Amino acid sequence: MFKNPLLEEWSAGRATLNGWLASPCMSTAEVMAHAGWDSLTIDMQHGLADYQTAVAMLTAIATTDVVPLARVPWMDEGIVMRMLDAGCLGVICPMVNSQDEAARLATACRYPPNGRRSYGPIRAALLSGSDYWRHANREVLSIAMIETREALDALDSILDVEELSGVYIGPADLSLALGCEPTFDQEAPIVEDAIEHIITTTKARGKYVGVHNLTPAYARRRAEIGADFVSVSSDLRLMSAAAKAAVAEFHGHGPKHSPPPDDSAASY
Amino acid sequence: MFKNPLLEEWSAGRATLNGWLASPCMSTAEVMAHAGWDSLTIDMQHGLADYQTAVAMLTAIATTDVVPLARVPWMDEGIVMRMLDAGCLGVICPMVNSQDEAARLATACRYPPNGRRSYGPIRAALLSGSDYWRHANREVLSIAMIETREALDALDSILDVEELSGVYIGPADLSLALGCEPTFDQEAPIVEDAIEHIITTTKARGKYVGVHNLTPAYARRRAEIGADFVSVSSDLRLMSAAAKAAVAEFHGHGPKHSPPPDDSAASY
Amino acid sequence: MFKNPLLEEWSAGRATLNGWLASPCMSTAEVMAHAGWDSLTIDMQHGLADYQTAVAMLTAIATTDVVPLARVPWMDEGIVMRMLDAGCLGVICPMVNSQDEAARLATACRYPPNGRRSYGPIRAALLSGSDYWRHANREVLSIAMIETREALDALDSILDVEELSGVYIGPADLSLALGCEPTFDQEAPIVEDAIEHIITTTKARGKYVGVHNLTPAYARRRAEIGADFVSVSSDLRLMSAAAKAAVAEFHGHGPKHSPPPDDSAASY
Amino acid sequence: MFKNPLLEEWSAGRATLNGWLASPCMSTAEVMAHAGWDSLTIDMQHGLADYQTAVAMLTAIATTDVVPLARVPWMDEGIVMRMLDAGCLGVICPMVNSQDEAARLATACRYPPNGRRSYGPIRAALLSGSDYWRHANREVLSIAMIETREALDALDSILDVEELSGVYIGPADLSLALGCEPTFDQEAPIVEDAIEHIITTTKARGKYVGVHNLTPAYARRRAEIGADFVSVSSDLRLMSAAAKAAVAEFHGHGPKHSPPPDDSAASY
Amino acid sequence: MFKNPLLEEWSAGRATLNGWLASPCMSTAEVMAHAGWDSLTIDMQHGLADYQTAVAMLTAIATTDVVPLARVPWMDEGIVMRMLDAGCLGVICPMVNSQDEAARLATACRYPPNGRRSYGPIRAALLSGSDYWRHANREVLSIAMIETREALDALDSILDVEELSGVYIGPADLSLALGCEPTFDQEAPIVEDAIEHIITTTKARGKYVGVHNLTPAYARRRAEIGADFVSVSSDLRLMSAAAKAAVAEFHGHGPKHSPPPDDSAASY
Amino acid sequence: MFKNPLLEEWSAGRATLNGWLASPCMSTAEVMAHAGWDSLTIDMQHGLADYQTAVAMLTAIATTDVVPLARVPWMDEGIVMRMLDAGCLGVICPMVNSQDEAARLATACRYPPNGRRSYGPIRAALLSGSDYWRHANREVLSIAMIETREALDALDSILDVEELSGVYIGPADLSLALGCEPTFDQEAPIVEDAIEHIITTTKARGKYVGVHNLTPAYARRRAEIGADFVSVSSDLRLMSAAAKAAVAEFHGHGPKHSPPPDDSAASY
């Protein structure tokens, strides 16, 4: 009987750390899977991987115990169900702005009678056993991103969707929506307040909540106020920052003087 | 003037045998294309191939006379039309639950004035000639999957869609929908009855009907009660079962003792 | 501060020449990018490239100053936003038939408060700088294809969409819609009139207009009556025609006797 | 401290069963890795996978405990060392005809001072730990194919190469070399005798020996006379035979009447 | 019993026209395969395709009757044999400078007892039948490039290699070797003389000879003095020239004024 | 007239900083190309990229001014020449142990009359202009790795090869060869002495010398004693270390306490 390790951690009150994969590459996914993250999310929205590449990345992650997740490009039953069939234990969907959209996402992740997911867990059953379908409705996560004004307004009704597992906060889009610059570790009070509001409201409704972050320090702050899972940076951001720091150090600018992680400009 | 060989067989009253491609691989497609199937369906819903890989698989199939079909991930005009442009002689669409959805599928497969397919048959015209567009509306198949309670209820109105070529029965999803385990060669009376009902209703309305099966024996039963085309197993299932049988035989468990094809656990 | 070179040309009253990429291939894209086109459009509708391949093609184009565009398979927020994130300076969307569809396209290409594009310009910011997001709403093109009767009827209301950059004329589909053969350099008066009507109406409304063509001569005619950008043939058509001409010349049929570009049969 | 499970089996006197991968496909490799083989060999000589694809296949195998091996296209230090770096626990090299060639192979698989393998076990260390290099000379297999007259004549001197792990018998090439048809489960006495001679000679010298076979029954015969590891069929052969059998059964030719595995014609 | 159509043409005294594939792309190969060439050569030396891509290109060519050939990167048994196994009916090997090298090439293309090709024609037998191996030695071409001073000096002894099918002339390298600029349709007498010498010498020895050319006119000249097969341009060159001509024509420089095919600069 | 920027820097007495690409991925290459390195080396020996992937990576690098280099898997004319044709401005060859091997490498990188490189610079001429071949012998680098006892002994005669551009020091292999653990920033005197000996000897002979390093600090030390170019870490190492540091920081182990870059275990 397969289990989603994230649910075990969260029910024990432990926040988990999520890595982010923007590079469409099996080998970067494999290296990231050995770096200590609890879960890894393949970003198929702003990251560069398409379905076929994502299958290869999921295979690389499956050489370890790290939990695979995916952010799909948009709410579309085809890609949501395919990513679950391919072995993801959860799907994050961007720009969910209403209860209808949340319900569409949630039911796409549940087999009947709880939903309308179509049967055919090709890699999921290979990884999790032939009784995968019996446990999938309980173990697979459907997560709606809250990142617009409409979503903020509809938060309560979105959380009314029984089959929805939880929500994920996208600070860059939320910042833009609230009139701020699109950065991750946002300090503007209007965004800070919105993020806290989403976290506390979601926890009060008994659902899970995650937050996207740039730095570990900021991620810890989010976990401390209740986030169940927090993401930090991405494969390409980490590599880029480390490469720039190495170049700077070689040219005589030691790590002490290296600039902080570039946020506003960062796009991956 | 190109012809769809399946239509020629069906109008002669002969059921055709369809192979199923779950592996995203040009070379498995090519080997399957030499194995004697009348048609091969690239499964882009529960199988692992995406569009780009499917084009390579279609090329491999085009080295033979086997008819290429595709099951698309979900009703989406983009992928339906792309698969036809790429040379498929028919598209199977999952989870068609209403007349509106059936009409959307059917008109996406027909050029004006019968539909709203966009012109640009890039590989289709390479394979079938420059007059492809003149004959495509007659030769290309649009096939709606009937695999939910809603679809059962809407069957009559779905069959009212004039441009729809026919329907395809997905026994695993249908079983789940009817409260049974998601297996293919289902023996539960409620599913058996539903399958027979779909076959006889569809034939009575002058449209084509296909059924997904695990074993050749079951497929023959479906053909005998009127199915025009029947699928058996898949590339990966056949390979997996043959490999497991070889391993068992090597370890002293001869073919006589090998277990029957594993159904409920099978996901590909 | 990055600029879209096409807008600079158009505001100076110069029509630009657009090349068309049907082949899913980084190296053909790179060779085309060195051939003198102002812009290149990756055709993801009737061409053969999927998203992952398109990213490689965009990389090849980015080795030059040619402006990258994409025609997406269908109106879908996921692929529209992904192509912009990947560095396209504009998206052409097929079969836009109503104001609603045009608005959906246009707002998908604009960040709030002008639209609802999600933030994450992974390659766009790499190519255009960290302030990409500040200028993207002004520089990125959203272009709706006008190629059906419905679109002709709705042209005025489509052009009412403020955030829409312009329209693109697909003569093959428009011909089919108007009861003619699906050719590009169409001479039928009903199609000619429709094309001229779209061009003049669009220009009168202060928006940009492009036309798909087979030959340079026809493209010039379109530019002369007001088209801002005109496409000629495609990578695969150009190669195919040149190859057939070489074969013919070898067999004693010199270039003088080579047939004109084959239009009606051409599908790429 | 990592161990090669094959060596543990062989030193316990148990013959292992090796599967063969001819298809250049990560998903067929993954399915084969769940079928019960002790080891899987990626065939880069007569199979269709190149290095880049083989890395993906090795990743798929690494989701299980199956031991990955590779047959390289030809004796070439580049590919031998790359396959070991990529995580293979052994390399089979075709057409080794002399002591010099055997020594070249064997030393390419051993770090100094026992050989001249270059250091950089990129995936091997990821899979087997950072002390991989300390144990690799002991655990990694170098296996020379004996399949020509020259090799038969040089067998003793080939076995003199201390660092060589063992030999592998290619019955098809050996048959051709000895004037017979190129089949696997060869019954011609001249080939039978040669195979037995290689097995007994190699075992007498304290090295390992493997044999390529078509059927499990034949493989068992080879194991019974001393072979340490035996291969049976291949992914594509198994799939092809199973597909043809299903087609035959559907058309009324039951499994009882299905022909035996086609040997002489088989090429994969 | 399969036949190499090129041999049938040549023995009837007809020169054949060979197309050249520099682009690593299945779809350009497929379009070229429909353009009227007798054979197509995948250029794995100066072209961009590697083995895995070449297999896809061979599949595309196999949708037609065009004869597939490959130019390998260098004399290496691994790639020579793999390309034949993949279905090529001949291999062109660059820079063959001595009888030893020619013999190494020729024997790699012949099964024992005429050579040392290893058995495993995975796609070749799929395409040509299970008796492929019985006829392959007669139908498969081994062709050595003569393009250096050493090769010119060793021409007679190279032609002494009985199993060698013929030679291919690389005018660009030959020009460089003889102190001229590296162009194809070379007019320098020293190169012209060398090319004629190779053609007449080879024909006098009863072997086949081919020549690389830029233009159809030059190719015809080569055929008229005895060349059995002549290549013209390449997929990428044809596309590039056609694209540049279209751009020039659009800008008012009609086809009459378009420059002749650029030779010295061209690299594909 | 194209120039190799590295030669301009080196002749001005400035050491350049080289990045290392182990990941077979166009997008990691593109991100690394924006990080400030003077040159990037695609590692085709211990890294994971094969030729086809390397072409894509070279395309990504060509979107910037960074100089592309490649380390080939082994001395083989095929891959050496292909990488130069694909646009590398230099090739690093592992395990060059004698003057003969060095001469084979060096002449493979030079057109006649200085060498035996074959003409066909398909991407090189696209990037560097049609006169590429006139300047390539002067601008393209051939670099032999010195990393064995044999190479140390043969250093003088290797440096006698006039056409050889320089040498590259592989500290891990050199350490193993000299009886030490295979680490990069080696402090063992016997290795330190050998590295200094190679640097000073090579500089005294007027050739260029590069060194592989793990950290910027160590790289600077090498540059200070005369190295012309120094490599630091790799894309995957940088990403892996940064990811592990982020995970550690999240779990309360701040950057101050993060361990130094792991050397002995590192394989990429």
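Lettered A, B, C, D, E and F in written order, each chain numbered from 1.
We take it that a residue touches a chain if its C-beta (ideal position, glycine included) is under 8 Å from a C-beta of that chain, and two chains touch if they have at least 3 such contacts.
The structure presented is a predicted model; accordingly, all values stated were derived computationally and were not measured.
Determine the set of chains touching subunit C that also touch subunit F.
Chains that touch both subunit C and subunit F, as defined above, are A, E.
Among the other chains, which touch subunit D and subunit F together?
Chains that touch both subunit D and subunit F, as defined above, are A, E.
How would the subunit D/subunit E interface be labelled, same or different, where same requires over half of its residue numbers to be shared?
Both copies touch with mostly different residues.
How many Å are there between the centre of subunit A and the centre of subunit B, using C-alpha atoms for each centre?
Subunit A and subunit B have C-alpha centres separated by 34 Å.
Which parts of subunit C, given as residue numbers and ranges, touch two or more other chains?
Within subunit C, the residues that touch at least two other chains are 22, 24, 27, 31, 34, 48, 50, 52, 55, 76, 79, 123, 126, 236, 268.
What is the complete set of touching chain pairs?
Those chain pairs which touch are A-B, A-C, A-D, A-F, B-C, B-D, B-E, C-E, C-F, D-E, D-F, E-F.
Using the touch definition up top, name the residues of subunit B that touch subunit A in the complex.
Within the complex, subunit B contacts subunit A at residues 22, 24, 45-50, 52-53, 72-74, 76, 79, 94-95, 147-148, 170, 172-173, 176-177, 179, 182, 236, 262, 264-268.
Please output the residues of subunit A touching subunit F within their complex, sorted ascending.
Per the touch definition, subunit A meets subunit F at residues 17, 19, 22-25, 27-28, 31-32, 34-37, 48, 215-217, 219-220, 230, 232-233, 235-236, 238-244, 246-251, 268.
Going by the contact rule at the top, pick out the subunit F residues touching subunit E in the complex.
50-52, 55, 76-79, 81-82, 85-86, 111-113, 116, 118-126, 129-133
In the complex of these two chains, what residues of subunit A are touching subunit D?
Of all residues in subunit A, those touching subunit D are 26-27, 30-31, 34, 55-56, 59-60, 62-63, 123, 126-127.
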